[in-house]
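Here chain A shows up in two complexes: once beside chain B, once beside chain C.
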Partner chain A sequence: MENTVERTVVVGSKSGLHARPAAIFVQNAKSFQSQITLGKNERTANGKSILSVLALGAEKGDQVVLTISGGDAETALTKLVRLLEGDLG
Partner chain B sequence: MAHIHILAPLDGTVVELEKVPDEVFALKMAGDGVAIDPSGNVAVAPVAGQLVKLFRGGHAFGITVEGGIELIVHLGLDTIELEGEGFEKLAVEGQAVKAGEPIVRFDRATIEAAGKVILSPVVSAGDGTIVQRASGTVQAGRDVLFTLEI
Partner chain C sequence: MKVLHGIPAAPGLANGPAFVLRPAPPVDLAEQRATDAQAEVARLEQAIAQAITLLETLQTRTSGALAEILAAQREMLDDPELKQGAGKLISAGASAEAAITQVATAYAQQLARLADPYLAARADDVKEAGRRIVAELRGSTSLLALDRPAILVAQDLSLAELVELEPQFLLGIVTETGSPTGHLAIVAQGLDIPAVVGLVDALDRIAMDATLIIDGSEGSVTLDPGAEQCAEVERRIAQAKSEQHALEAYRDQPGQTADGIRIEVFANVGSLAEARKARAQGAEGVGLLRTELLAVQGLPAEEVQYKLYTEIGATLQRPLIVRTFDIGGDKPVPGLEIPAEANPFLGWRGIRLGLDRPTEIFLPQIRALLRAAIQHDIRIMLPMISTPAEVEQARALIAQAAQELEKAGHALRPVPLGIMVETPAAALTLDQFTGLIDFASIGTNDLTQYTYAVDRTNARVRERAQPLGLAILRLIERAGQSGIPLAVCGQLAADPAAVPLLVGLGVRELSIAPARIPAVKQLLSTMTLGEMQTRAQAAIAASTWQEPT
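== the complex of A and B ==
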C-alpha cells in the first residue's frame, strides 16, 4: 500500500529556494522513488524538477508543504525536511 | 526521437560547464549544458516556451517547453546577491516567449564592479539529453547552442 506523508517546513536557506538550494534539494529528491511535491500557497511544485521548485519562489522563512508518497516516503521525509530547514547557501 | 535546437541566449564565447567556478553548475547539479562568456548586453529566450520563472532581480530565468524540456539561464554567478542591480527585466514571468525574444538587459560593468563573474550557465534541467553542443563564438537568438534529443 502507498504511503503518503506530509509536513509543513520553514525554508532555512538564506537565499530561499534559489539555484543552489533548489539544485541540492532536487538532487536528493531524485534519489527517492516516491512522488515528491512542494506546495506554497496555491502553487505546487514537482520536487524532482529544479525549474518547478524555482518557480515556487520560496524565500527564507516561508512555509512550504512537503508531500511525499511512495514506498520510501518516510526516509525521504526525514532527509528532505532536514535539507529544507538547513541553510543550503 | 525528436531533436530540439536550443539557441544561444547571449552573444559571446562558449565555455565548458565543467569550467564554471560554481559547483552547482560545474558538477551539473542544476543540469547539463554550457556556459557563455557574454559579449553583448541582452539575454534572449533560447527556445519558444513559457517563461515560468524570471527572478525578481532579473539575474536568472527559466523556460519550459511542452514535452518536458526545462531550460535555465543564469546571468553571472552568485548574482542573486546584486538584488537586481545591473539587470533590467524586459519580459514578464509567466508569459509565452518566442525564441530570440529579449528577456533581460544587463550591464556587465556594473555586475563586475560589484565583484561578480558574468560567466553565464545555460542548462537543461528537464527531459532530454544533449547530443551536440556549440563551441567558439555564438550569436544570441541565431546560433544553436546545443541540441536536445528527447
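== the complex of A and C ==
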C-alpha cells in the first residue's frame, strides 16, 4: 500500500550537506525502495541524487522537509531523520 | 637516437617507456548520435560503469579529504538525475558524449551559483565526472590507466592530476609547459621523481611506448637511446642508489654542524603522503605545510581541515608548521571569487586576501588549527607579510577565534606564530617584528623574485634572478641579525652551495624536499659553524659576486 510520510528536520551536520555528508545521505537513501525527496524553501531535491542534494545548498541549522512515499517509508524516515539530525562529518 | 632539451625541474635519472597523455579534444555539443537511442543509452551506461570502476581503484589509494571528495565524485557518476537527463537528450537525438557533457555542465552551473564556496567548488567535481565518462566513451587514455612503470609525457599536469599519480609506476615526468619552481617541480622533488618541464612539442615528438632516458638535472630527454647508452644509465642509477644507501646513516641523526651546533632539518610537504615520506626520510619536523595544495578542489570546510591537520600531526609526531592559505590571482581556488589582476604577484594574495576576507578564508582555518593544536605541536605561519601591522591584525583575528573556541569549551594551548619572509620589506625590517612573532622563515623563491623584480614563471627573464646573489645574501644577513629564530623553506635550503652560506648568516632551520634530508644532514656535518660563517662573510664581502664552486 502506498504510504507517504513527511517530517521537517534541522540539519545537524557541522559543515551542512557538504560532499561527504551528502554522499552518506544519498547512499542510505538508495538502500530504500521508497521515493525520497528533500525540500528547502521553494526547492525540492531527489534524495537519491547527490547532484540535486548538493544543489539545495543546505547548511547546518537549515530546515529541510523530508518526504518519503513507498512501502518502506516508515523505516526510511526513522533512519534518514537520524542521519540528517546527527553529525555526518 | 635524438636528444631533446627542456628545463630541469627535479633531479635524477630514469629510463623506460613513455606514457603519453594527450589532452582531450573538446566535445561537440551539437553532435548527433550515430546509433539508435537505445543503443546509445547502453553505450553511456557501460561508460559510466567503467568510470566507476576506475574511480573506485583510485579511491583505494587515497585517504583524508581527497578520499572524501572522490567518494562524492563516485556518487555523482552514479547519479540517477544525471543518467535520466542525459537519456532525455539522447532520445532527442544527441550523442552520448554531447548529452552527458550538457547535463554535467548544467549541474555545474547550478552548484557554482551557491553562496558556500566549498559547495560551489563541487561544480568542478561534476565537470570532472562528466569528463571521466566522456573519456570512457571515447576509449581515450586517462592518467588512471598508468598501470605499469613508465615516464609520463603530458602537456601540463594540474594539481588535481598530480594527486592522482601513483608514484610506484612513475619513473619520470616530462611536460610541455611548466617552470622549475612550479607545483609540478615541487611535488616531483618531494617524491624524488626526475622531471623535465618546458619541453616544447613533447607530445608531437614522443610516441606512446617509445623508449626514453630522462635526466632531470640536465633537463634532457633522449629519444630511442642505443643499448649501450641504456646500460650506462642503468649503471648510473644503480650508483646513485648506492650513494643514497650510504647517506641513510645520516637519516635518523639530528642535523648538526661538525662542531655540534644544532641545525634543524625539516621538510616541506603538501599532503599526508608527503608527510609520511618526510617522516621516513628523517625529517625533524615539517617547516612548511602548503595548505593551498589541500584546496585544489576548493577551500575545505573547517571540519575537513581539522581532520587533515590532526591526521598529519599524528603521522609526524613532530613539530608541524602550517602556512595559512597562500592563494591569489596566480594560485586560483575553485569556488573562490578572486578578480583577475594585471600583477597577481604584487596583488591581492597570501595574508592580504586572508585578512580582507576573514570569515571566508582566514578564520575557519585558524579555528581548525587551534583545535588540532590541542593534541599536536602545531605552529602557524603567515604568508606574504610585509609590515608588522599585518601581523597585529592577524593576531587580533587569532585571539578572537581562540576566545570563541574557549567559550565553546575547548581547552586551547598557546600556539607559536611565525611569518614567511618573502618580501624585501619583511627581510629588511624583521627586527621590528620582535614580540609579535616567535619565528620567521625565508621563502627564497619569492624573495628572489621580489628582490630582482623577475617573474619566475616568465622564461624570458627568469635567468636574470640570482638566488644566491649579493642582494639576497645581504637581505638574509640583515634578517639573521634580528634575533628572531630564522629558517629557510625555499628550494635554496637544499642547495649544497647555499647551505653553508645560509647557516653562516644565522639560519638555524632548513626546511626542504623530504628526499633531500639525508644529503643535507650529511653536508652540515662536514663543516664547523665558524667555517660556514667565514664562507658567508667572504661571499658578502666580494665586490664581484661569483657562485661558490
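By our rule, the second predicted complex is superposed on the first by the 89 of 89 C-alpha atoms of A that agree within 3 Å, B and C clash if a C-alpha of one lies under 4 Å from a C-alpha of the other, contacts with A are read in each partner's own complex, and residues count from 1 in each chain.
The definition used in the following text is that contacts are C-beta pairs under 8 Å (C-beta built on N, C-alpha and C of every residue); 3 or more make two chains touch, one makes a residue touch a chain.
Only a predicted model underlies this, so the values are computations on that prediction, with no experimental measurement involved.
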Which superposed partner A:5 touches (first chain B, second chain C, both, neither): neither
Partner chain in contact with A:48 - chain B first, chain C second, else both or neither: second
Partner chain(s) touched by A:81 [first = chain B, second = chain C, both, neither]: neither
First (chain B), second (chain C), both or neither touched by A:20: both
More chain A residues in contact [chain B versus chain C]: C
Touched partner set for A:65, first chain B, second chain C, both or neither: neither
Overlap of the chain B and chain C footprints on chain A, listed as residue numbers: 15, 18-20, 22-23, 27, 49-52, 54-55, 57
Residues on chain B engaged by chain A in the complex (per definition of touch): 24, 29-31, 52-53, 55, 60, 62, 64, 70-72, 74, 80, 125-126
For the chain C and chain A complex, residues of the former touching the latter: 68-69, 71-72, 75-76, 79-82, 107, 110-111, 114-116, 118-119, 122, 125-126, 301-304
List of chain A residues in touch with chain C within their complex: 14-16, 18-20, 22-23, 26-27, 46, 48-52, 54-55, 57, 59, 89
For the chain A and chain B complex, residues of the former touching the latter: 15, 18-20, 22-24, 27, 49-52, 54-55, 57
